[in-house]
Each structure stands twice: as structure tokens, then as C-alpha cells.
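Letters A, B, C and D mark the chains in the order given here, with residues in each chain numbered from 1 onward.
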């Protein structure tokens, strides 16, 4: 195929001790929507970085617009119409939306000076193109995650790109925004622009892609059309394992609730929230970004002081005036953003796991019993199947899914009565996701009360025995997953759109 | 998917896994060999080592405090101020309890009181730093730069800028004593360093210190008492600085507001050379101790060349620091260490 | 309009300005001398050298680093310049000293730049090393000593006066040095560089997110390298101004200024973590420190208490903006204790 | 020349072993950038050349008591025969100099009249007298009347404060019309010409009555003179103090400063080394000691001291003789 937008041929790339890519080939035709799939750490991001010139491959070539490169730099890639929306967005938090949008374009013309007038024009156009409104003067660091991502998307779309690469673009987006993104992708296709798309959300992948490439452990597994695959075989190609999709059926023996909340409210984030949770239950809370779900979770964890209402644990009213008191009452919280809120990246996996209960390993003399702590860490590494040769390794040697297990392990180790998980499988591959769900169900069966906050609808429906839908700071309905289907739930979440946008 | 990651053999000793420490040790070894070959008469003389043993504990103790705060992601530039302030405070106290000509009993009492007072004052000064960092949330570099001026100012005010001397002889007896031929300052340093080492590796405090330095938000979410941890760390740094002040008080038999004015940057240099990450969260005590020894040996070696001016000292120290940085960069994959290890590493 | 006021109230510079005004009023009340023409000129005079240094320190802070080597760099560059010219018996104008000093500053800055652009180690560490190398080289290899008679061109420049401010009451006169124009030129130059060149936006971009900058197509290495070259040149200018104004070369006169200058810039609201900060803030911060350092006698603070007072000021000054920030962020993510 | 190993073993033996004339003598100044000590080194080198001994100067990299102590410590370890020190701070050196003497090393000092652990200390003059002399010069310039104040390098600097005290005492005793500025009797220049300049400007703004400033550090007079000139007070306000001729030629020529005082550090360095050699040779040190260099040819013990030897006087520089010194 001589008319490919891009052809990757036999690319290999190794990092200190890790063969991230091995003899990978990939071709994308103009206007094609191509999906790149693989587990965490399989090499997707690395491949993307090779294509965009961030990493130079150890072997192999990249062909762009008929030119063959053995070594490519970001400028050359951009000049050949390759635009990347990175997993971490690659935005400048300290600069305004306008500059974030326009700087790349400014850079690509040869002049040494910047024109603020031109930048404003360019930025306005970029936002118009994807039909969103964001304050051009706002500093990107102060924007919510979804808007940051929209900035990154708008930026990538404004140049005359021939290939747009999106590395997990939908992780932080709400359904509504995902719809809009897909609209944009189809629009691009109509204009002959190809898209390379990475996502862990299967339904999205099947919905939008025209072709798949699956890689595993840095090696090419298969390239095929969606009709040649069903979800199950797709998962099998990715992981080499097989999964059954089952629904969660709770075993609730003790009828008295462990956690009760009535009339809880905070500022204008959420109000009048009532809920109750019994041991063994998995309660889903779902809602769009900005619906108040995260603030509610923080309030239940004591990190945000509720202004009205009360929280009862085992029937007793408690005042959570900080994270520590929540922990003391047996509440655990797996935060939304594991990198900044959940993990100590340079520290060992073991100490990340035991940190919240470390005082339990201190003898009366004040000496830390390291062996006991290590044993505890090892127990959780085994239990949660955290893929590491050694718990002494730093957490940042783990892939996303395994990092998430570490955060989970930390909270399970504190032996909580209530575990709140905010987006437990964001950006986690299906293998890991499955494992995490399995663990949660098993814990619930042992009597733990779990709250899963997520906008991943299948996740909520499959793993919860009750689902609360939040909208504009209020709980708008309670559903039984067994009798609800995905489309109904989605409709409920995005109902009353006006009220929602107010909270965002 | 559970087979990702490498399975290269890991040296048993955790320290040997730290490539930076290994390289520092290599630098020290080369240096000692050079010393032994070039100046055997000094290298093999005990006086050289005894002289070093008296010199470095002063600033090495301060460096330990800077190390702790840097692991936390902060810094302590006030150590010299704390040392001088506490030394002047305790010297004044000693003179008040046992004025010149007092008997030995009074003298001993004065020494004990002064040591306790000094450490308490150091802890208070450190806690003040910690409070400003943790509660008021002023960047540590500004807090401690300000309190350096403040503590030095207090030292000048109470001493009227003059040296305070004429200490009871009992102080010198205690502090200039030798334990098995080892000068007291070194004994103090070794004991203190061992205690700090235990604190860092064998207590929950140590683990929390590293964790907090690595990610403060996550530490909050994990339920660590971050405010108290920060305050306690700066307190420790204050205590270490006051211990350094006590050693200086002994070495110079007097206290003054401007002693050791060059130690601030020296302490930072040592800590950084020792491999502590200035952004917090990692680094080892072993590295810092090695860095102290490297710099002290270098400087004593330099003093054995009468014709080389002491002005070369910063040049050489800076050079060593840059050298280590460059080697670290060049040797990212740890080739040097592989040489020191047994063969079979695969990837 | 309302958003303007709102923005102003959030700006660190606004509070800094309030502190400066309050302090000025106190000094005025205590001495009756603060708002006299010649005192203002004296402060402007005292501001020149720290001000130029602050611009360099600010540039580096914005790019995400902390440079502690600039006083040593300036000393070495200016010492070498003065030594060479004195030995050669240079009696011409000040252009050659400036040319030489800036050239040396650029070379030494390039030395910094070489390391910082190629080695992924915090700039603080690197410059701690190079600062020692610079001062050690000057004092050891060059055997620096005080040079009492600097070239005539330099001392003429040091004495050159824009205008003379007279205090009508006391008849005292103060000279506004020509070098104040240099400070203005450096500040304006830095402003234009930061605001209107891709290089300047690149400095902000790198300070915000280095890998994002490189992905966006900035040549991060090159930007960093030239940044340190520029900082070296501004530092050398500051050093030459100091030497010219003192009419003597004291090799160690500048050493030890670094922390105070960095504190001043941070006081002005520049984040230590890089990416944010304004030149206005940096200059206001420097001004505050300069005012305090040069008003102790005016206020009548006894000599013994001056260090203490300076310490209190740094803590209170930074404390005000810190409390401001905490209160703002606490609104968002409450009681994380 | 060095004795290998530098043994501390035999405290009593030191001066006695002399006689072979093959000594290592180290002179330790306060620092080495200051032209003062650069000049001193010339004297030390001259002595080395005159005698053929191994005599050298080695100071700390900065004027810092602790660093100076470390240099001495290292010299002890190297077993030099004699150490001549210009202490940054006598108190801070007591311990280390005692160690040196215990190790059998000859220890002599200069500008360390209060030093206890030294064999002899030589002073170009008596500090109080020197301060008085600075006062005399200032009083003359001021016409023996008016308000004055004093400036020291650091309030922590002992000699500067002694000179300043001497100056004040002299004014009280002999110049009834001179008054010390009550509100700011002592300001700091931080041994920095720029700070001296700024501080003087502040002083003169706040206290217009000031007519004279006693400078002590060699940075004071030039800095203050700069301020006087700029403020338009030439001929109305005066300064005196210590200073080197070449460094101050221009302010003397301009008449900003009438007189400066000093002693020649090269001579002091020479004398210090000569004294050390005499002790090593076992010569007896008595009144009338001749160290073979001008000003130090007839040294006598200070009153009530068997350690401090005082030479005869200091040098006065005026614009007329400023060119005669050659340094």
C-alpha cells in the first residue's frame, strides 16, 4: 500500500532491561480509524512515542508521507502531519488555554517572535472547530480534567494533521463528551484524516474502530477487522486469558447498615444526599463529571467537611474532621487520581502497601518490625496478583493496572469496614480490571461494604447490587442493576443536561 | 502478564543497590589510594586522621539535619544560625551557673544543664521552622533563610556580637576527651549518625518521612499526620544543629554569632553530593556519610600541599560534585556496578 | 471591571505592594526621610545590582530551576575582565569592559547551560557545583586579590549620573546612577523576551511541563542552554556595575548574595516549582528586600537587632502571601489533615 | 623539611631540637583575598628568601574562624615546626593552638593580644592607642568639635571594636567638644565597601548633625568617603580609619579623607616568621627584641604581659606620602 498515511516496519525498542517493542509493523490508510489495543505495559504508548518522534527506535523504520525515517524528531513528525493527544495530555498547566492551543502552531512557522493577536485567532478557531467554549484566558492547570483534555484534543485537531493519535483519550471524559469526540473523529474521517485510537473501554473501541491492531508484551498479535472479532476473543488476544462476564449477586446476612448518611450537603457541590450501605453490599454511584460524586466521596472520607447533614457508622453519629478520623472509623478511599493522590511513586511497592497501617508494625520499643511489614506486603502482592518480581521495587516500575492494585492493597490492608473507590479502573486494561472486580466481589462476600464511584456503566451494572445516579449534586434515582440496561442508565445520567453543566 | 519486569539478581545489601552510593564509594577509594601514594607520610600517620576526626563532625551533624529536611522535600538553611544561637545560649547558661572560678561540682552541673538546654532550644528553633513550613505553608527555603537571619540575630543580641568564652573547664574535659583514642566529636557524630540511621530505617517515622517527601498529597490521603511529621523533622534538624553547636563550642572553647558561616552551603553540598533527591523522597544516609568523608579527605589532602592555596578547595569540591553528576548520567544503566557484581545479568 | 478588581485581589503582587506601602509609611513616620527625593534615589541606586541579578534568578526559576551560581559567575567574569584590562593598561571607554565581561559571562553561562541542558539533575545541584568551581577557579587558579584601581572607563561609568536629587530640607544630594538605565534595559529586555519571543514562551513552557514542551516542538535542550547563557550575561552586567560603582574590584564582594536574591524573587510570587511568576512581582520582591536592608538605620533599629529584623521581615513577608495561597486552595480541598 | 607523620608524641621536645636551622614555618593569615594579607605574604616570602628556610603562608579560603582552625589542625597533623597566626578570632583558636603547642609546635600570633595559647604575640601597636590615634586624626579634620559615630566591619570583630572603643575613650578624654552619636554609636559595614557606603548614606540622612565617622575595617573609609562625596558633604563630614595606600589614593587625592593609618603587613609577616625562627633556635626573648625589620627592631613587652610584644607604631598616609609606599 503505497498510499498509507503511515507505515511502521519492524520497529523494536528496548529500555534499560525491558524490550518494550519487538519487530512491530503497522499501516494506516488515510481516513482510517485504527484501534491499537493491548494490556497495560504492552507497548502501546511506546509505539506512539516512536511514531511521534519522542523515542527513536532501536531497529526498524517509520514511513511518513512516502519518506522513510530511521530516526525521527517531534518536529519532523509534526511537519508530516502527525499529531498526538497524549495519555497525560501534555498540556502546560501554567499557561493560558489560548497559549496551549496556539503555541504549537506558532512554533511551526519560522519566525522567532510570537503574535498574541494571531494566537487568539488560532485558539478561538480551534475551540470552534470542536464546538466547545472554554475561557481562553483561564490557566489550564485550574481547569477540570475533562476540559484539559478538550484543550489537548482541540490543539491536536487544529493543525492540518493527516494522522491523529489518541492515547487513551476517553479515560477522563464523560459519555457526553465521548460522543462529541466520536463525532469529531468521524468528521475527521470525512476529511480524510486518519485516527489511531487507544482505549481500554471495549464498547468504545468496538463502536468507533474500523480496524484493530492488538499487541502483547511488545509483540504484534493480530491486525483485523471488528467483524472478525467478538469481545471475548478480543480479550483473549490481548491477555492470553479468558474471562466470563457475570453479574454480582450480593450475600447480605446482617441487615443493619454499616454506613448511613442523611441530608449531607456541601457548599454547592452536593446537597441533601441520603444513602445507606450494609456489609456485603457493593453500592454504585454514577454520574457525570461535575455531578458532585467526587466531592461526596471526599466528604465520606473526611477530606471535605460536610456542611449539613450527618454520617452514622454502625448507627452512631460520627464527626469526620479529617482523613485520620475516617480511617479510624474504618473507612478507606481509593482516590480518583492514583498518581497524585494515591501513590508514592519512587518508594517501594511494599511500603506503599503498608503505609496506612504502618504503626501496627511498631513494637513497644518503637522499632519497626520490617519483616512483619514485608510479609504483609508480600501477602497483598500475592493476593492481588501484583505483577512484580520484587515488592522492594519502586511503584513507578509498575504499569497502571498494577499501580491501581497497589492503592487497593493499601486500603485493604487497613482492614476497613467501608471501602470507597473513585474510578477504580480508570485507564486499567481488561485483564487487570477483571482482577480488580473479582477482588471487590470477594471482599464484599466477606462482609466489606463497598462503594464504587464510576461512570463506566458496564462496570457499575456488573459489579453493584444497587446503583445511585447523581445529577447536579443530587441523587436522582436508585436502580437495581438486574432490571436496568445500559441505555436506560446512560439516559438517566445525561438527563436534565442544563442542571449538569451548571455544576461542571 | 505477570512476567513483566526484569529478573536481574539483586545484591543482598540494600546499600549496594544504590548506584550512587557505589560510585561515591569508588570515588573515595580512588581518593584514598591517591592520598596513600602521593603523601604516604601523612596518610599513614594517625595525626592526619585525628585532625580530620575533630574537623568534620561540626558540619557533618548539620548536614544530617539538612538531609532529613531534604528527604522531606524541604531544606534547612538555618542550621548554622541554630548552632550559634544554641551554643551562645548554653555558654551563657554555663557561665551563669558556674562563673569563672567555680568549683568542679558547679562546673559539672553547668555542663549538664547547658547540654540539655542547648538541645531543647535547638528543638524549639526547629519546631518553629517546622511550624512555618507545615502550618503557614511558606516554602522551606524562604522560612529557613529567614530564620537563619532571625536566629543569628538573636545570637548577636544576646552576645552583643562578642565571643562568649571562659567556659567551665569541665566542659572541655567532657568534650575534648577521647574514647579509646577517638576524639569526642567523632564519637558524638558516630553515635548520632547511628541513631539517625536507625530512625530512618528501623522506625515508622523513617518510612513516613520518605513517603511524605515522595508525595505529600498521597501522604494526606493515606492518613499520615503530615503536619506533625514535618514539624518533628525540622525539630530533629534543630536538635542536630544544636549538637553541632555544642561540638563547635568545645572545638573553639567559645561561642560566637558568626562561627561556621561557610557551613550552610557546605552542608547542602554534602547532602546533594550524598545523593539525596532535592525534591524529596529518596536518598541514603550512607551516601551522605560517604560525601562527608570524601570532602574531608579531599580538603585535608589539599592542606598537605603547602603550595596549593585553600582557594582550590571549592574548585575541587565543585568539580567532584559535577563529576559525580556526570558519571551518574553517563552510567544510567549501572555498568560500573555491574563490574563490581558477579556476571549473570540478563534482560 | 469587576473581574479586573477580582484578579488584582488575587494577585500576589497586590499584597506585596501593600506591604511595601505600609513599610514605607512606617519608615516615613519613624524617620521623616523616606519620601524625600534623595532617599528614593538612594533606594533606586541600591536596587540596581540586586535587581539585575533578580532578573536572571527569575528567568531560571520560571524555567523550573534554582540557580545559586550567579554571584560566583559574575565575580569570576568581572574579575577576569578587570584583571586583563588593568594588566593591559586599558584607558579607553567602558564599552570594552562590558563587552569582555558579557563575553565571559556568556562563556560561564554556557558552562552552566551545558550541564543543565544535558543532565537530568536539579539545577540547584548543578549550580551548587559550578558556583564552587567558579569561585574556586577565581580564587585559586587566578589567585584573585582586590584590585584597587580599575580602568578609568569603568570608574567613570560608575560615577556617571543621570540627575542629582536634592533634599530641600537637608540640602543632601543623591546621584541617580546611569546604571539604573541598565536595570531598566535588562528588565524591559527580559519582559520582551519572555512575552514576545518563542524562546521566552519556551521558558515558561519548560517550567510548566518539560516533556510537554518537547512534544510541542520546543527544542528544550537548546532553550535551556541559551537561557543559562543569557543569565550568565545579565549576571556579568550586574557584577560589572557593582565593581564600577565601587571603583574597586573586590572578588568576594558579591558572593553570598544568591539566597537573598532568590528569596526576593520568590517573595515576589514566583513559584519555586517553575512556570509561574511575573517580572513585576520579582522586582517588587527585590525592592522590598532592598528597602528593608537600607532602612534599618533610618528606622532606628539598633545594629544588633538588624539581622533579627531582616529575618522577621522575610518570614512575615512570605507568610502573608503563603497564607493567602493556603486560604485560596483550602476552599477547594478542605481539611486534609 | 617536614617531619614525617607530624608526631604529637613528645610535647616537651620542641624548641630544644633546634639548631640545625632546617625548619618549616607556616604563617596562617585570616584569609587571602584581602590585599592586606597578600601584602603580608610578600614579607613572608622575603623572609624565606633571606633565610632559605621553608616558610610559607597558608590561609583559609574565607575569613572564617572555623575554617582557620581547620587549616591549623591540618598543619599540626603535618608536623610543621612553627605556626604563626593572625587569628580571625582568638577565642576560637585557643583549643587548636593549645593542641599545636602540646604537639611541640612553636606558636606565635599577630593581632592576637588576648590569645592565651600562644608563646608570644607581636603587635605593631597597642589597639587602644591605635584607636586613639585614629580619633586624633579625625578630630583634627573635624576641628575638634561636632558629633561623630563609629563603624566596624562586624559587631563580632574583636579588634575593630577595640579600636573603636579606643577612639571613643580618646574623644572622651581629650576632645570635650566631640560627642558620640547617642542613637547609633556603632554601625556595621559587614566588611563590604558597598554596605559601608549605603550605611553611611542612611546615617547622614537620618542624623544630619554627624560630622565625623571613625572607620575601622579597611572597607569603611573608602565606602563612607563615597557617600560623603555623593551627598555633597565634602569638607563638611569627615572619615578616618585604616586603609592601604594604593587602594585609597583617589580618595586621599580628592581630599575626601585627610589621613589614613596602617602598619605594613609585609613587615608584620616578616617579623612573625623571624620571631618563630628565633624561638626555634632557642634564643631568649627579652625586651628590646630585634626582628630585623623596620618598626619591629625594638620590641618591648606590653605592660603587665609576658607574651605581648609591642612594636613602635603605625604609619600615617596622607595625600602627600601616598605614593611612597609602593603597595
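Operating definition for what follows: a contact is a pair of C-beta atoms (placed from the backbone, for glycine too) under 8 Å apart; a residue touches a chain by one contact, two chains touch by 3 or more.
Not measured: the values here are computed from a predicted model.
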item	value
Chains touching both chain A and chain C, listed by label	B
Chain of greatest Cα-centre distance to chain B	A
Distance between the centres, which are taken as Cα means, of chain D and chain B, whole angstrom	34
Length of the line joining the C-alpha centres of chain A and chain B, rounded to whole Å	43
Centre-to-centre distance between chain C and chain B (centres being mean Cα positions), rounded to whole Å	30
Set of chain C residues in contact with two or more other chains	139, 144, 304, 306, 336-337
Junction residues of chain A - those touching two or more other chains	303, 323-324
Sequence positions of chain B contacting 2 or more other chains	156, 160-161, 217, 220-221, 225, 309, 311, 313-314
Chain-to-chain touches, reported pairwise for every pair that qualifies	A-B, A-C, B-C, B-D, C-D
Complex interface listing, chain B residues touching chain C	77, 132, 136-139, 141-143, 145-154, 156-157, 160-161, 217, 220-221, 225-227, 265, 268-269, 272, 278-279, 308-309, 311-319, 321-322, 325-326, 328-329
Touching residues (chain side chain D, partner chain B) in the complex	2, 4-8, 26, 32, 54, 56, 58-62, 64-67, 69-71, 73-79, 89, 91-96, 103, 154-156, 158, 161
Contact footprint of chain A on chain C as seen in their complex	196-199, 201, 204-205, 207-209, 211-218, 274-276, 333-337
In the complex with chain A, residue positions of chain B that touch it	1-8, 10, 14, 201-204, 206-208, 210-211, 214-215, 217-225, 277, 281-282, 332-333, 347
Touch list for chain C against partner chain B, complex	66, 68, 115, 118-122, 124-126, 128-141, 143-144, 259-260, 262-263, 266-267, 272, 304-315, 318-319, 322-323, 325-326, 336-337
